[in-house]
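In this document, chain identifiers A, B, C, D and E correspond to the written order of the chains, with residue numbering beginning at 1 in each.
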Amino acid sequence: MRSMIKHWLHIYGYAAAFAALIVALWEACVRLDFVPSFIIPAPSQIAVAIWIDRHPLFAVHLPVTLGEVLLGLGLSVGGGVLLAILMHLYRPVERMLYPLVIVSQTIPIIAISPVFILWFGYTVWSKVAVTILIAFFPVVVNTYDGLRQGDKEYGELLRTMGASRLQLLTKVQIPMALPSFFSGLKLAVVFSVIGATIGEWLGASAGLGYFSRRMSSSLRADELFAAVVLLSLLGMLLFGWVSLLERRMLRRTNIQRRGRSK
Amino acid sequence: MRSMIKHWLHIYGYAAAFAALIVALWEACVRLDFVPSFIIPAPSQIAVAIWIDRHPLFAVHLPVTLGEVLLGLGLSVGGGVLLAILMHLYRPVERMLYPLVIVSQTIPIIAISPVFILWFGYTVWSKVAVTILIAFFPVVVNTYDGLRQGDKEYGELLRTMGASRLQLLTKVQIPMALPSFFSGLKLAVVFSVIGATIGEWLGASAGLGYFSRRMSSSLRADELFAAVVLLSLLGMLLFGWVSLLERRMLRRTNIQRRGRSK
Amino acid sequence: GCSSKEANKNNGEAAAGDEPLRKVSVMLDWYPNAVHSGLYAAIEQGYFAEQGLQIEVQMPADTNDPLRLVAAGKVDLALSYQMQVLMARAEGIPVQSLAALVRHPLNYLLVPTGSGIQSPKDLEGKTVGYPSIPTNEAIIQAIVTADGGDFSKVTMTDVGWDLIPALATGQVDALIGGYINHERILLEKEGHETLAINPVDYGVPDFYELVLAASEEGVGNDLDVYKKFWQAMIKGQQYVAEHPQEGLGILLAHEKSESPLDEEIEEKSLEILLPLMDAGERPFGYQDPASWQEAAQWLLDHGVIQQAVPSDEAFVNLVE
Amino acid sequence: MTFSAPIQSLVQQLGIIAKEREIERYRRDWAVAVKLEQVSFTYGEKSEDTAVLRDMNMHVPRGEFVSLLGKSGTGKSTVFKLIAGLIQPSNGQVLVEGEPCEAGRVGYMPQKDLLLPWRTVLGNAMLACELSGGDRKLAKSRALEWMARIGLEGCADAYPHELSGGMRQRAAFLRTMMTDKDVLLLDEPFGALDALTKREMHLWLLSFWEQMQRTVLFITHDLEEAVLLSDRVFVLQANGAGQPQQLRIDLPRPRKPELVHTIQMLDYRKRLERMIYAQHD
Amino acid sequence: MTFSAPIQSLVQQLGIIAKEREIERYRRDWAVAVKLEQVSFTYGEKSEDTAVLRDMNMHVPRGEFVSLLGKSGTGKSTVFKLIAGLIQPSNGQVLVEGEPCEAGRVGYMPQKDLLLPWRTVLGNAMLACELSGGDRKLAKSRALEWMARIGLEGCADAYPHELSGGMRQRAAFLRTMMTDKDVLLLDEPFGALDALTKREMHLWLLSFWEQMQRTVLFITHDLEEAVLLSDRVFVLQANGAGQPQQLRIDLPRPRKPELVHTIQMLDYRKRLERMIYAQHD
């Protein structure tokens, strides 16, 4: 137990010290009025705000946002991987849909926010739709690139063994696409948090994004940043979890990343 | 010449036909009043708006936005690659900065836009800062993952040849990270377009984002979508250009992607 | 409403509560604040239920969305701005105003006290920040010109949604687009005293800041419903005017569990708002055709809209 | 239709003759497992001068064990890729059992081991079965049995990167043997093995071949190995042109490893050496 | 300090003796290029039973050409990785020229060719020079000259995937030879070459070695090759334990390829075979 703690301290000691330093500096900056506290509040003020608003934050808004994030993320990943596979298998699909996918990423949300409301109303789906819009692109690009990258020679070998295109996909290309897919997934996980936040701006009555916007519009920086801190923690947690999954998966499957070469 | 055209038609025929179909359907939807034209205007209306506003759009706003995009993209890619390399070389740097990078992605722009205004005012730098904020994350994640992924055995070989860590990086890890880096770059290129757009919402006096927001406030959907179409085209163009670069680079360097296995 | 009594009669013994209520959706102009206390009071006090209505309140993504969505039939009623209704009509968006909630401008020119700017002409050589809405530019142009200044010497800067930081951090010298019942109070709270200059004093029409709008189609089909809605609103507003403390309390309580409002700010806000919402002789919400006429003409004159909008088509009065 | 009796019998006889001819033709075709006819091949889009193979002819009789020899870089592996259907000849045709070659018809062990790094040795060996949808249990027990016979007992769950070079080669060999194809192409299957292990592999491969009567094409640089195993040896020309030279190995079967130390072996070896060296002097 | 004369001379003498002893020790150490002392090694974190090497001792005299033989999977490549400093022994020590091994001290050609796929053959050959910051022009001209001598003329600008298996191996060999290290580890460098090409490589390697007097460690499965090239042959034990058996090859140098057909060769070959086979019966 002791040694475990020591081990963790050793690994995360720097990081923790650094984080503490940043928080301290930040606090000092605000206290010494280098930054007005209504623009960035001091960490202590944020902490107080989190404590005071703990009920609405944790009991009302966090669960709502978390639900949207998970739903949106799941659909993004599922849909993104499916699309990437289809584009990989059928060239015309790629040529038809890839441009559309890119277009979807360059449309400013203000231009289509009424469309979302029109189609999905104020249900959870409008937020999920925004989350998907923001999170699925990295999954598509990374998975598609990963599928194409796979070493050609393994594919050739399997073809001489009479593999069908689908078998080629499942036996060679998907395993080899895993590292790239995971890079995309890590991006998607983080983006889905901001996606849900933005989705809530389109019209919501709960959620950390909704909360943060309301607080922002009444210049209540403490509460605003209380929500932001929760969103960041959520993002980091999800990211950490996916990184862990990635490490396990890639270690188990021995694909490329067999540890860092020192 | 003829055969060139035929070749292109063959490759992009489907895509063009599909695009035409979508545009036609869209036009029909609006004309038949399935969608109110003040929410989504018909393609023909958008085309007319682009033609009428061609001067402000192409001569005034497009160059401004393009400048922001390119500046932001350049800095994102440079900074992102540098950060990824540093994180790769020095584990403590990774532990200290990766969480911060993730945090930067989960902070809603409304929370930190005042900070940007405070620091950068209404110069081009506030827009560039937003662009960087949005575009550099995929570069960091993909480049970092790419650097770690490289086959360990090549690195070992180079170590037996007395390579320093820096040489290991430049001779093996960077070449092997290229495919992953390019996935990130493609994402960054698209994100930088939306980044500049959002940056202009924070306060600007020119640019397609500024234009689109003004038109949205004046409820002028045609003009709003004229700007959106230009933004999308810009995004697609940049994406296409990077894809081309990627193909050339990876073909020349023979890394993994030696063509798709049929 | 007589019609609601009829409905009750038709249903015989059925109690009013059992009868299915007519659902009416209202999209606010922005997140709930003191200006909406009449609405919330009416909901809480059951005034809508009395009229056989059930209200669903929605919030927009952007101040431009309510009009578009009401025109598209996605919501029944929307809170918006008089000028924007006119601009929408100029763009062919079929919306009509039904009632005026706030009868005078809230949108003042704000300048930090001690900045040396006393009247609009002092803006020469200064920077004025405004949210992307183009009417603000027209207002500045109008007041500077009316005050004998040269508008071409004023720098207009679009400050997006960050109005307060723009002024508070000194990025701009003056601000238009901020409300005296919101931005000004907030600035004050953060220690930035401001001088508020009313555009009306410099020839800008005394337009309605906040109106209730519906689509033309809605007005055609459901005018009676909207009338009932407004009856309840009148009662709600009356309640708030008579009991400001309780009226605000209802709003605060409603928001408490999710996004607690700042009581002090909202109190001050309501204090400013109540006189501006009062229609005097006329019932609450009454719209004066002259106001619409004037506003439409002003917009046209200042190039905000390109074609004339027949002002009498822009509104329908729910109360006389 | 009705005919008078004599005409009918004439028609019948003609029919029989035609059919016999057809059968004869089939028999001839059938007797040739792999046939290269005037095959040319160039990598990339270089000019004719850089062709790897030029007008090559080669007939491999069904059921024979045939070795391919030739200097490094003469195109042996390229011939295998052609037969396996991975590349298409720019001229001429490649027939496998009378039909144009296509991927999936023959069992092919490439020169690189190409073990899938994310699969264990057993997982790699099971690939063929998984792809063809065969009986997994049967395949597994067979794979484990064979693994023991080629010295990979206990390695079933090891990943390729945990194996030595020779073990990887044997694992790849095993994977190829697990494909149930009538024609096997083995590209230097035992190049990384020591003499002792190689001898075991020879014995096993020969017994397998004698039982199953498959056609085996075998690339090697070890002349003794070629003589010991083959019915026939082809020696590719240095510049990849024309007909490879042939040598029939008329040694009785079953062949014992002791053969290596006999005069006959020495004799064959010398002849082969002469054939190879002749081209390069 | 001052001493009386006799004491001073005594001190001087003692000092001389001490220095001579030191020199003697250095000479002895210097004479041993690579020294493995009681080396154990286990891959992963498995128990002692699965050790690949156990208490192994091996001394390679400076300037000698030494071959390593052993059955597939006995740990030859592992020994090389230890000497190259890629892995650390779990017990005992590995000394290269008297100092604990570390990466970058010896030239190492791994069993896989590991040519960088994004570099041409010339680019791969130039790696060592680029890493050590040597004279590029000189290195290039040397690389091109050597390329011609090992049959890779005209391949300078070819990428690895455009080469045949044997050509890749030669390119990797060339890359290793371009490192200017005093100790060379060659892991089956000629395994994929035909007899003729192999003979050319032997001649070249021998002339190179005789000129430069480097220490060469050489893994092979070809007994004739081992006898032809080496001063000394180590045969690794099957279970990786203890001291490898040694055989000195006392044939005069320079050695000609014709040696292969002599009685001496046959004799050495048989002795080596017996040494290898003995362990496995």
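The criterion applied here is as follows: contacts are C-beta pairs under 8 Å (C-beta built on N, C-alpha and C of every residue); 3 or more make two chains touch, one makes a residue touch a chain.
Note that the structure is a prediction, hence the values are computed from the model and not measured.
Engineer: Once the contact rule is applied, which chains count as partners of both chain B and chain C?
Structural biologist: The shared contacts of chain B and chain C, listed by label, come to A.
Engineer: For the chain pairs A-C and A-D, which is connected through the larger number of C-beta pairs in contact?
Structural biologist: Result of the comparison of A-D and A-C: A-C.
Engineer: Could you work out which chain's C-alpha centre is the most distant one from the centre of chain D?
Structural biologist: C
Engineer: Go ahead and note the Å separation of the Cα centroids belonging to chain A and chain C.
Structural biologist: Once rounded, the distance between the two centres reads 38 Å.
Engineer: Based only on mean CA positions, could you tell me how far chain B sits from chain E in angstrom?
Structural biologist: Taking the mean C-alpha position of each chain, the two centres sit 52 Å apart.
Engineer: When the centre of a chain is set as the mean of its C-alpha atoms, what distance in Å lies between chain C and chain D?
Structural biologist: Measuring from centre to centre gives 86 Å for this pair.
Engineer: For chain B, what residues touch not just one other chain but two or more?
Structural biologist: 39, 110, 114, 118, 156, 159, 201, 213, 216, 258
Engineer: Please output the residue numbers of chain D that touch at least 2 other chains, ranges allowed.
Structural biologist: Residue numbers touching two or more other chains: 112.
Engineer: What are the residues of chain C that contact at least two other chains?
Structural biologist: 62, 68, 72, 164-165, 169
Engineer: Could you list each pair of chains that touch, in label order?
Structural biologist: All chain pairs meeting the touch criterion are A-B, A-C, A-D, B-C, B-E, D-E.
Engineer: Enumerate the contact residues on chain A facing chain B in the complex.
Structural biologist: 11-12, 14-15, 18-19, 22, 35-36, 39-40, 92, 95-96, 99-100, 102-103, 105-108, 110-112, 114-115, 118, 137-138, 141-142, 145-146, 148-152, 155-156, 159, 168, 179-180, 182-184, 186-187, 190-191, 193-194, 197-198, 209, 212-213, 216, 224-225, 228, 231-232, 234-236, 239, 256-261
Engineer: Going by the contact rule set out above, which residues of chain C touch chain B in the complex?
Structural biologist: 62-64, 67-68, 71-72, 84, 87-88, 91-93, 129, 131-134, 156-162, 164-166, 169, 171, 304
Engineer: Considering the complex alone, what residue numbers of chain E touch chain D?
Structural biologist: These residues of chain E touch chain D: 43-44, 69-73, 75-77, 111-112, 151, 162-167, 170, 187-188, 191-198, 221, 223, 273, 276-277, 280.
Engineer: Which part of chain A faces chain C closely enough to touch in the complex?
Structural biologist: 36, 38-39, 53, 55-56, 60-61, 109-110, 113-114, 117-118, 121-122, 201-206, 210-211, 213-215, 217-220, 223
Engineer: Show which residues of chain B lie in contact with chain E when the two form their complex.
Structural biologist: 153-154, 156-163, 167, 171-172, 175, 253-255, 258
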